[in-house]
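All chains are identified by letter, namely A, B and C, in their written order; residue positions are counted from 1 within each chain.
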Amino acid sequence: MNAETNIFAGLDMARLDKRRRRINRIMLSLTAVATLFAVIPLFWITIYVIIKGGSYLNLDLFIHLPQAMGTEGGGVLHAIEGSAVMVLFASIFAIPPALLAAFYLLHHPNTPLANFLRFSTDLLSGIPSIVVGLFGYAVIVIVQKHYSALAGSVVLAIIMLPVILRSAEEMLKLVPQELREGALALGSPEWKSALTVVLPAAAEGVVTGIMLGIARAAGETAPLIFTALGNDNYEIFQYIRQTIQYRQGVGEAFKLILEQPTDALPLTLWKYAQQPYPERVQQAWAVALVLMLFVLSLNIAARLWLAKRRRQRYG
Amino acid sequence: MPVSESLPPHKAQKRTPPALWVALRHGDALWDALLWLSAALTTVLVFWIGWKLWVDSALSRAATGWDFVSPWAPPSWNPVLDKFHAWPAIYGSLVTSLIALLVATPFSIAVAIFLAELAPSRIRQILNYMVEMLAAVPSVVYGLWGIYVFLPLVVVPLGKFLGATLGQVPGLDVFFGGTIPDSGLSRLGASLILVLMITPTIAAVTRDVFQAIPQSQREASLALGATQWETTWRVLIPYGLSGILGAVILGLGRAIGETMAVTMVIGNTTGGGWSILRPGYTMASIIANEFAEAVSGMHTAALVEIGVVLFVITFLLNLFSRYLVWRVNRKVIVR
Amino acid sequence: MPEKQTIKIDIRDVSVHYGTFQALTGVSMPAYENKVTAIIGPSGCGKSTLLRSINRMNDLVPHFRIEGTVTLDGEDIYAPRRDVVDIRRRIGMVFQRPNPFPMSIYNNVAYGPRLYHIRSKNVLDEIVERSLRQAALWEEVKDKLHQSGLSISGGQQQRLCIARAIAVQPEVILMDEPASALDPIATLKIEELMHELKKNYTIIIVTHNMQQAARVSDYTAMMMLSDSESRSGTVIEFDETERIFTNPKDKRTEDYVTGRFG
């Protein structure tokens, strides 16, 4: 048929094809096996933490402060409250500048500052959290001369900032330009259209980013070691009662809550995990369960929600 | 509403009310200033961090100079003599990260191939979630599970096996010599925990790289009679190579910066020689362990200087990986 | 018919479904050896689907299902134990948009032969030169074989893709609107090339350009949606190209080729 020489003339094509098919099958199966192995730790960790942590989980854990070392009972109320306070204040510190900076990127996408901002946001998310902790120590702990929930909140805010900023930028970009222009055409000032039209339109995406940022901050330990330090007696309700009782101002309550060493769940988990007292190790497992439930459910909720909204929007 | 606001801007300007006054009442000048300020402060933050660490490590830098990071300077981490050379911690970081990378890279690429090219769409969805979850598990939980489950069940037997085999080979015994502690606390344990922790990161980014490759590339190869594996190996991987490299470098950054899980399983000692079966330190774990208890100014400054080294390394790695990912994106957009 | 024709590809009563959507209904047509067969018809009537069913590229689409038979030299290509890799080597394909690999011109052409473990430099050099000559590209690129396949013009890239396809010596070449992304001069080159190529290969080309079909093909299949309700396409007439364009049997074909359609 072909005037040219057959390049496959000397080859046993049937055997060659069989061999190629076999290599194909083997390599593709290997990728499936690798995937299986990659997700095994998730099940292993999750199931182990659920079983182990579940068996030591009890109400006391949530309502009591720690007992003295080596004695049974007690809880981790101090760490739960500490985590809540620090994550809350970290969010308060991180969300406004992150959203404003995201709006800056939306309005001025190509200025030198915008490019610089994207670059340094990437860097910020790549810096080890322990290094952020060193920074928090230097600019707050040293200056105030004591460890505090405030210092912990600030380092957590620095860790949340790039997470929120990046996802907010993505989400704001998805809001149709016409929506913004429509508001401007009605004579509404830029800031009003941004806050009342663009932000609500992107709300679910922005909230998702905030949830991921909170999940990230709630699981962080390293930067808290020498900013929040830890405090077995941290109990905000007692501080509040105390200020009311002695008729001190709101400022005093805030001072008690923010200006003294504080514990956090991951910090407690880390300390308890390495102690020789079995009660502490048991509590560490229970704390791990609480922490994982919180972080993973926040993650799952954020992602499921986002996926659902995306499906609704793009069919 | 005042008339001037509803008029087109050029007419409003003709009437020349005090510009500053209008702008302020309108609110947009303030808004713009606020946006600019937030952007500028966020931009400056990372450099402020770097600069602050640099300043605070002055004492140590002046005392030790380049010996601080030099592998050839006599190893010394001595709070009593106030003499600090960071090489043991740097070595610990390098060796654990590199081993983690060597194991995790092929593994993650295989996972990415399965996720992007093979998995049926329902399974793919679920697996994608699982990979995201793996990346979200707090690192202290990895550490806790590592101490009580992973070290005794996996690391100790593996360490004994490596010691009995590779540890007996002349030359290799430098790295595989000695016996692994019964607790399993060792550089090997840290490396393997890191494998578990960076695999989801590398796999997820690599998966995105594969998904960004145009379908026409796959079709071109398959239409020539290539099998799916041949298409993946000879077309997709070369096409996405710089993106995959970017993913790997991102993973390396994560491994070097990872603190808690490593601190909990590496044993935390400045000794340990070269062997991966022995306990050691990493840069991140030595800061985590000693900073709160450091007494002398020199000790503190030395730990901060390790922070500077970490900062510089992650800075460079991020720079490089962003560059690579950016190059891939550009290629995808241009085509 | 002046000479005896051998049927190379025979499509018999083929229906294609994607999930619940039926894309093709009861398609039957042959393709004769060493002839150019054009498939024409309005857009969305399943021309590409039909073409991609011939080398089983549709297998990549989820929920794809086919009924009826497609044969190559009398063998059913959808037979249960048939090797899709072998099918695709024997039935090459050129796509709508040029899709060279981001590697050198040389490596693009050598990609196929290398799959068959042909590694000798001499043999590969020979295959590359012969394929590029057959694709009428050799003179233009012989001095830059090691430059990227993406560095040449769109028309050259498409001829590179043709060279890449013929480097594995297929028996049939499928072309899916190969000139739709090209300028008129590049289009002309591709059309001239097809006249040369049909000496060695059987060619099936999908085109929306009726002048092109008339210029390059020996046979033409006219496709339409089977009825106005469904979105499912079928071949309503198959004949020698000359007859389709001068004396079609079907009123719809006549309307379409004379431009009265729609």
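Here is the rule we use: a contact is a pair of C-beta atoms (placed from the backbone, for glycine too) under 8 Å apart; a residue touches a chain by one contact, two chains touch by 3 or more.
This is a predicted model, so every value here is computed, not measured.
Student: Common contacts of chain B and chain C?
Tutor: A
Student: Per-chain C-alpha centres versus the global one: which chain is nearest?
Tutor: Checking distances from each chain centre to the full centroid gives B.
Student: Tell me which of A-B and A-C has more C-beta pairs in contact.
Tutor: Between A-C and A-B, contacts are more numerous in A-B.
Student: Could you tell me the distance, in whole angstrom, between the mean C-alpha positions of chain B and chain C?
Tutor: 48
Student: Could you put a whole-Å number on the gap between the CA centroids of chain A and chain B?
Tutor: About 16 Å, centre to centre.
Student: Based only on mean CA positions, could you tell me how far chain A sits from chain C in angstrom?
Tutor: 52
Student: Could you say which residues in chain C touch two or more other chains, in rising order?
Tutor: Residues 85-86, 115, 168.
Student: Hunt down the residues of chain B that sit against at least two other chains at once, touch-wise.
Tutor: Each of 227, 230 in chain B touches at least two other chains.
Student: Among all residues of chain A, which ones touch two or more of the remaining chains?
Tutor: 20-21 - these are the residues of chain A that touch more than one other chain.
Student: Give every residue of chain C touching chain B within the complex, in rising order.
Tutor: For this pair, the touching residues of chain C are 55, 57, 60, 62, 85-90, 92-93, 95, 97, 99-103, 111-112, 114-115, 150, 161, 164-165, 168.
Student: Which positions of chain B touch chain A when the two form their complex?
Tutor: Those residues of chain B that touch chain A are 1, 5-6, 26-28, 30-32, 34-49, 52-53, 56, 107-108, 110-111, 113-115, 118-119, 127, 129-134, 136-145, 147-149, 196, 199-200, 203, 227-230, 233, 250, 253, 256-260, 264, 284, 287-288, 291-292, 303-304, 307, 310-311, 314-315, 317-319, 322.
Student: Quick check: in the complex, which residue numbers of chain B touch chain C?
Tutor: Per the stated touch rule, the residues are 121, 214, 216-227, 230, 234-235, 238-239, 331, 335.
Student: Which chain A residues qualify as touching chain C in the complex?
Tutor: 1-4, 6-8, 11, 13, 16-17, 20-21
Student: Which part of chain A faces chain B closely enough to touch in the complex?
Tutor: Of all residues in chain A, those touching chain B are 20-21, 23-24, 27-28, 30-32, 34-35, 37-39, 41-42, 44-45, 48-49, 96-98, 100-101, 103-105, 107-108, 113-114, 116-117, 119-124, 126-135, 137-139, 158, 161, 165, 187, 189-192, 194, 215-216, 218-222, 225-226, 229, 266, 269-270, 273-274, 281, 284-285, 288, 291-292, 295-296, 299-300, 303.
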